[in-house]
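Below: one structure, written as structure tokens.
Going by the order they are written in, the chains are A, B, C, D and E; count residues from 1 in each one.
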Amino acid sequence: MIETALKALFILLYATFVGFMFMGIIRIVTARIHRRVGPPIYQPILDTIKLLSKKSNITHGLIYDFGILYAVGATILAVMFIPLGSIGVLRAYGDLILITFLLEIPMLGIMFAAMSSGNPYAGIGAQRALLTLLAIQVPLGFAIVALAEFYGTFSTYEIVMAQQTMGWSIFHFPLLLAAIAYDLVLQAMFGKEPFDIMIAPGEISLGPMVEFGGKHMGLLQIQHAIALFAETLFFANIFLGGGVVTAFSSSILNTIAGLAVLLVKQVAVLLIATFMGAIFPRFTIDQAAKFYWKWPTIIAALGAVLASL
Amino acid sequence: MAEEVKASWSKGEEIVRMLLEKAPYAEGTVRRERRLEFKVPADRIVDFLRTAKANGFELLLQITAVDWLKEGEIELVYQLFSISHGTHAMVKTRLPRDEARISTVMDIYPVAETYERDAHEFFKVTFEGNPKLEMPWILEDEDREVGVSHRKDFDMLGYVKRKYKLLDRFDEDKENYVI
Amino acid sequence: MNGQYASLLIALPLISAFFVPLIKELGRKAVMGYLVMITALQTAIAGWVANEVYSTGKPIIVIAGGWKPPVGINLYIGHFAALFVLIIAVISFFMAIFSFRAVNVEPVDKYAMLFLLLMLGATGMIATGDIFNLFVFMEITAISAYALTAYNKTGEAAEASMKYIVLGGIGSSFFLIGVALIYGATGTLNMAHLAQLAGAIDPTVAQVGLALIIFGLAVEAELFPLNAWAPDAYQAAPHPITVMFSAFVVKAGLYAIGRLLYLFQGAEGWSGLLRLLVILATLTVIVAELSALRQKDAKRMIAYSSIGQVGMIAFALALGTQAGVSAGVFHMVNHAIVKALLFLTVGYVGVALGGTAIENFQGLGKRMPLTALTITIGSLATVGIPLFNIFWSKIRILLAGVEAGYSWSVALILGASVVEAVYYFRLVHTMWFVEGGGRIRENFAIGVIAIFLAALIIVIGVYPNDVWTIVQKAGQDLFNVANYIKNVPLMGVGA
Amino acid sequence: MNELLIIIFAPLLGGVLAWALNVRGIRELLGVAGAAVPLAYLVKLYSELDASGQLSHSIDFAGFTFSFSLTHLTWVFAMIAGVVGLASTIAMVSTSRDGYEWLFALMSLTGAYGVFLSFDLLGFFIFWELMTVGSFMMVLKYSRSAGLKYFVLSVVGAFAMFLAIAKIYALSGSFAFPDVANAVYYAMGRGDLALVFGLFLVAFGVKAGMFPLHVWAPDAYSETNQSYTAMFSGVLSKTGVYGFILIYMLIGYRLMVEFGAFRSAPKFGYIIAFLGGLTIIVGGLLAALQEDIRKLFAYSSISQIGYILVAFGVGTSLSIEAGIYHAISHALFKGLFFLIVATIIYRTGKTTFADMGGLAEKMPFTFAMAFVAILSLAGIPPMAGFVSKWLIFEAVISQNLPILGGMVFFGSAIGFVYLIRFTYAVWFGQRPTDLDDTKDAPLPLAVAMAILAIPNIVFGIAPGLVVKELNKIFGGEIVTSPTLWELNLGFGRYNGLLILVWLIVGLLIAAVIYFLGAPVRKVPVTDTYQSGNPVTMEYNLTIRRNFFLPLKEALAFWLRISFDKLYRDIGAWVEDFAEVMRNYVYNGNVQSYAWYLALILLILAMWGV
Amino acid sequence: MVDWRLYEPLINFARKRSMWIVAFCTGCGGIEMPPLMTSRYDLERFGMMPNPAPRMADLFLITGYVTPKTLKRIIITYEMQPDPKYVLAHGSCPLNGGIYWDAYNAIKHLDKYIPVDVAIAGCMPRPEAVMDGIKKIMDLIETGKADGWKRYKENYEYYKKNQDELFGEGWREKTARRWIPWLMGREKKREEE
């Protein structure tokens, strides 16, 4: 019991810290693309401390607070399920569909909280977030189906183990297609540029986030950090072979090496998303829906059909 | 002194003569190159503008109101511009000051709606047929109740003193003043 | 009280019909009272006869004038005849009571006489064992029916009865030629004897004779192209008479077709005729139901629905299997009860509110709750809702139909009953959920009859076992002709 | 063993008595008793059932022999009918006004019980008709057009089933399931088999609300007493679903042998699954675009039934078990949703989204129930809805059917979409002034909602309870569940308790951070950031009308195809045809009638007479 | 409930180094803001990020003249900001009305209505001047002297009196309902046709 508690605490701290570092990386990389100096890497941590230490906060009712808590709780739950190299508290129960659902639930929690504030911007933001969710569901579904059919199992841990022997998933053509589609979907799940219509700052002043201030926004920053970590970790595990290193003798070294390998893969995924985000202008909501229902769906469906042959 | 130096601008003369044929009730002169001026009685303004639009004056740039306090009249200047002739035209009408009433030209130049509302807001000129005339717009409700307008008979400075309660500041002259 | 008293069933209405002019002077009430008394007597005798037949299990054979059968005329009151004579008597008794209120056109004594003749004709057609006698009773029924249709003295009634006379006349002449042909070929008129000789008739005569007989009766039994007169006649006739038309006059025609059809099993071309009858019956159902869809008058709508149900009975009888025939008979019994209830209540609404147009039925639930309730029970039953009586017979007919191989016509009949459900539920909706006028006090006697019939429907619907056993016996009586021949004491003369 | 008869006829008896003694107090008592008695008997009989595996009882009635039997499968479905039926009748105590509604609601409940417990086709058909009539009369009371549309479609379904039954009866000579099964297996021709399957598909498709035949559901579910709709959509649609299981039990093996399989799913099953998939997508998308609260949940109920059909279509025992599990959870959360709708309509009297809003403060209990129902329907892990959806995903995708997998996945997102639309329009935002004094749910409705909410949570956290029951139906250990909280399918594992524990841990962490921050100030709805402009309660800024306009524009092309219009045109065409034919055939002049007779003579002559 | 004084320096450092600006540009100074964000002057180095929602912003830049109409929006937005909030007034107009000293629709002293922490002189100060201002406000936060929001909270009546004096009592409700009478009128007119 103590051992799992310690492992869980480690995972939580590691995830939050690395998540904040990822947010810092995103801001620096985007700044560098704009030929700007960019903030220090620990800037998100500073932002979160500032937000959490605000002296006065407002609330619009019970659901306004509970929605945020639920979002953070669900993200923490999701992180526990995804195998992190050799550490993994609920690794055995890490089921593809369960994790995909858990990664979508924070969005539901945030939307509940935002809408309970009664702000019209939050309403429009929620509507756009829902339509984006609807749009990404089709390619996401086909990608998950392709994965499950190719490996014949739903458990993420078994998929990671299978990739050690059969090589990374992206080397097999059907799963390469699924990876491409899933990567486009990640773009919307991160809320990065081409598909972040739901939190468009200029147009609907950050959509659902308009009413969050002080500690609520701080909690959301933490949630965003963990979510970034979880999504990149999930992608790394199921498509890039996960971090299983057995070269060293002592287990401590193995775990550290595993984490390092995972970190490299996660940063790679993150950079793809950041580059795409820095370059593309923002899609309107029906353009985004039409886009997702055209190319990524075709790619993912092709992958799923090929995987099932 | 404007008359001696005026070089005659044949093209402008010709446009004015063509317009005056079509609108005998108006008088038109060429102030200078690319500046025509017409005087039209208030009730014929709509027909004149319709003929102007038909003869090449595509744009209505602005409707400015001028308050002639001494003559007790408000002058409305419709500033037209013709891309095809490449010239401005100032169509001037005179309205009695106390109840200035004229019909709208929205159906000829749709943009006129905003300009008419502007003239109405600050010079109390009512344009029949403009639906959005009474809509609350630039002036805040407090100013509207007080009756702020840009007419000359309104003591603007007094109003500002009352509104912002900065009595001492305006009595100084240019030499000694208090920031 | 031996069997011979059964002949009273025929004699009583005949004699009392001719006593009516004597009572004419005593006034309208007396005539109506007399009518009720006679029908009550008739019901008693019919009840006794039915009890006798069903308890002993043997049919009662009445020999007219002592002449043994193939020469003399005999009445054969088997299980079927006993059951139906009882139904005819009971319904006439109810209608006599209903006529108190419903009939107020003056020559009441003529009405009473025709009423009794109609009852006599129908009873005779069902009870007789001799073809020519069957023709005679059919003529009596037909003629009294023509007169009664025209009884209301309105233009519409006259036109309806004129149509009925023309078609009825042609139909009965077909029947007569057929009987003559058969008599020519076999030399006998007695049904039992005919059944024995059916095989020996040369094929073309048998076919022609049989076809003519069946289609003579078809006019009376309202099969598809020949029932054009029926809707107008039903609508134009006075309300009690419409009930009698739909309850037993049509049934008598159907019984005759059924009886003769199965008598000539041996004849050549029998199965071809059966298939033709099935097609015509299905068409009757479909055309009748469809044409009822957009009716503005409730009585005409129920008339069409009654023709549709009659078509279904004909379909059952024409299947040629024991299950089909007994299902048909069961449906005859149920249909008689339900249509009696419906026409009674709709007629009563027509009398109370003046006219049976659908507008009068608006908000009937509030105006005349008892009548509205009984109409709803009647219409739910006709549509074939599980807890009512027609449901059981409809199921049996359709099962027998599919068993006999006519699954296409069963599908069409099911489609037609969907249409039937639609217009009945429109009526139910107008009655209960549309706002109507003030409350009207309902007549007690008619209320009792309606309640009795509605209760009968629900009782048979909820517990149909006993009625089903009775009806099965009646079905066997109709179907296996060998037993029929055995019961009739033929003199054994001739080939 | 006439307990079975008591179970079936208790509601009808209660209904008739309630209708007869039309007195305010007694009528409700009788009605609820009518619904409670069968449930009590079902629970009592469970021990006997567990011992003997099947309790059967047969009576011969009206010339046919009717047999009833209680097996594990029918026990599960009967329990669904029992629980949701009881909750719905308790809720009807506050919403129904006269005996009429009690009679026909309980008659349809009797029909549902009869359908589940009958062991022969004729009994099945009779109770099916009874159920249809009961629910039809409930709808007829509110609107004629909706009622007639519902009745015509379901009667067409019923008669299709009757034709199939008659065809089987003609073949096998008896109605009991065992004889029917082997008669169909040995003696039925290929053409007849396809016809019978088609007819059964239509019959059960109509009642379950499958894609092309679903048009009656939105009108029927919304045009009736809302607490009855909880039973209508919770229980009666399950009879349609039970029908699909019957297809498998009776003629499934022969269809498998005759028509072969398509990638490990039987071909006939793939048809059902594909139609189910379409139902999910169509039902969900239409639900998102509705303006009326009842219609939204009607379409959502159709799309959830689509899930069950996909599960049955795939055909493996795991997928059928997943389907039944989803039938249970669907009955629970859909029943709960319609009770919530009933409370809202009962309290505010409004049904369209445009004039509702901001009810969360006024009706906290109902909102809590709605929150539970939303979590369950949208499929959030610790709830029953998620478990059954997860089982269906696993079952469908493990049979490598990619297209079906994609459709099912798409369905889960649609669940989010229309639920958030409902929550935003009804619970949050500015409250219209006339809704200021709405009170919370009355006691009966509150009790009914609680009855349905608790199992939603319990079956989510402890799925072992349900799965042990369902394994008994199939005999073997299809879904192994080592402990009460865990399900293990070999290729996928789920542990309800673990998820709940870690969710609570996550919530605690977040709560700790939350309470470390500065105290919180409650702010009214009008104090929101509207680019600095002040906000007043009179000017409504909440987007309640046309919430998903972009989606409607994106789907504009597909929305033009509507089956509703197709059926209405057919109805109108039939009516015109009837009118035209009547004018030709009965045209009123005698000469033409006489010509008909001549026509008959011509036919006879032609016939070779 | 927890005593954070021990962590005050860290929190002040965080507040100093991550100021989020309310994207609310009043008057003519709005166009001066983008250059600060672009590569030449890059305020993001100091962790400053433009943020449209006042609920999560700290720094409120008043860039240029303030009309009563804008002041109403400024006051509402200012009150929506969570507590440690700072106001940076650019240019001379917020100080004494600047060139609009005699205009009826320009505010003469912004300080009478909302507390100003740092005022930057210049009729639209150049980016370098703004950077100095920001440096100044960061020092104030560092030393904890940037207490504009405390002043607003403590003598709120003074500020409220001035605001009501300018706009009249209950101006929020009045402004919110400003359009409703006209809309109702048009609705009635449309029904008549």
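What we mean here is this: contacts are C-beta pairs under 8 Å (C-beta built on N, C-alpha and C of every residue); 3 or more make two chains touch, one makes a residue touch a chain.
It should be emphasised that the depicted structure is a prediction, and the values quoted were computed from it without experimental measurement.
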item	value
Path length in steps (a step moves to a chain that is touched) from chain B to chain E	1
Both-way neighbours, i.e. chains that touch chain C and touch chain B	none
Per Cα centroids, the chain farthest from chain E	C
Chain whose mean Cα position lies farthest from chain D	B
More contacts between chains, A-E or D-E	A-E
Chain B and chain D: spacing of chain centres that average the CA atoms, whole Å	71
Rounded Å distance, chain A centre to chain D centre (Cα mean)	36
Separation of chain C from chain D, taking each centre as the mean of its C-alpha atoms, in whole Å	45
Where chain A touches two or more other chains at once, by residue number	53-58, 205, 210-211, 214
Overlap residues in chain C, where contacts from two or more other chains coincide	none
Inter-chain touch pairs (all)	A-D, A-E, B-E, C-D, D-E
Touching residues (chain side chain A, partner chain E) in the complex	27, 31, 34-40, 43, 46-47, 49-51, 53-58, 201-202, 205-206, 209-214, 217
Touching residues (chain side chain E, partner chain B) in the complex	68-69, 96, 101-105, 107-108, 165-168, 174-175, 178-179, 182, 185-186
Footprint of chain C on chain D - complex, ascending	61-63, 122, 126-127, 129-130, 133, 136, 140-141, 144, 147-148, 151-152, 155-156, 159, 162-163, 166-167, 169-170, 574-575, 577-579, 581-582, 585-586, 588, 590, 592-594, 596-597, 599-601, 603-604, 607-609
Interface residues, chain C side, partner chain D - complex	162-163, 166-167, 170-171, 174, 204, 207-208, 211, 215, 218-219, 225-226, 228-229, 231-232, 269, 272, 276, 287, 290-291, 293-294, 380, 385-387, 391-392, 395-396, 398-399, 401-403, 405, 407, 410-411, 414-415, 417-419, 421-422, 425-426, 428-429, 432-433, 463-465, 468, 472
Chain A-touching residues of chain D, taken from the complex the two chains share	263, 358, 360-361, 371, 378-381, 386, 390, 393-394, 397-398, 400-403, 405-406, 408-410, 412-414, 416-417, 420-421, 423-424, 427-430, 491-495, 498-499, 502-507, 509-511, 513-514, 516-523, 525, 527-531, 541-543, 547-548, 550-551, 553-554
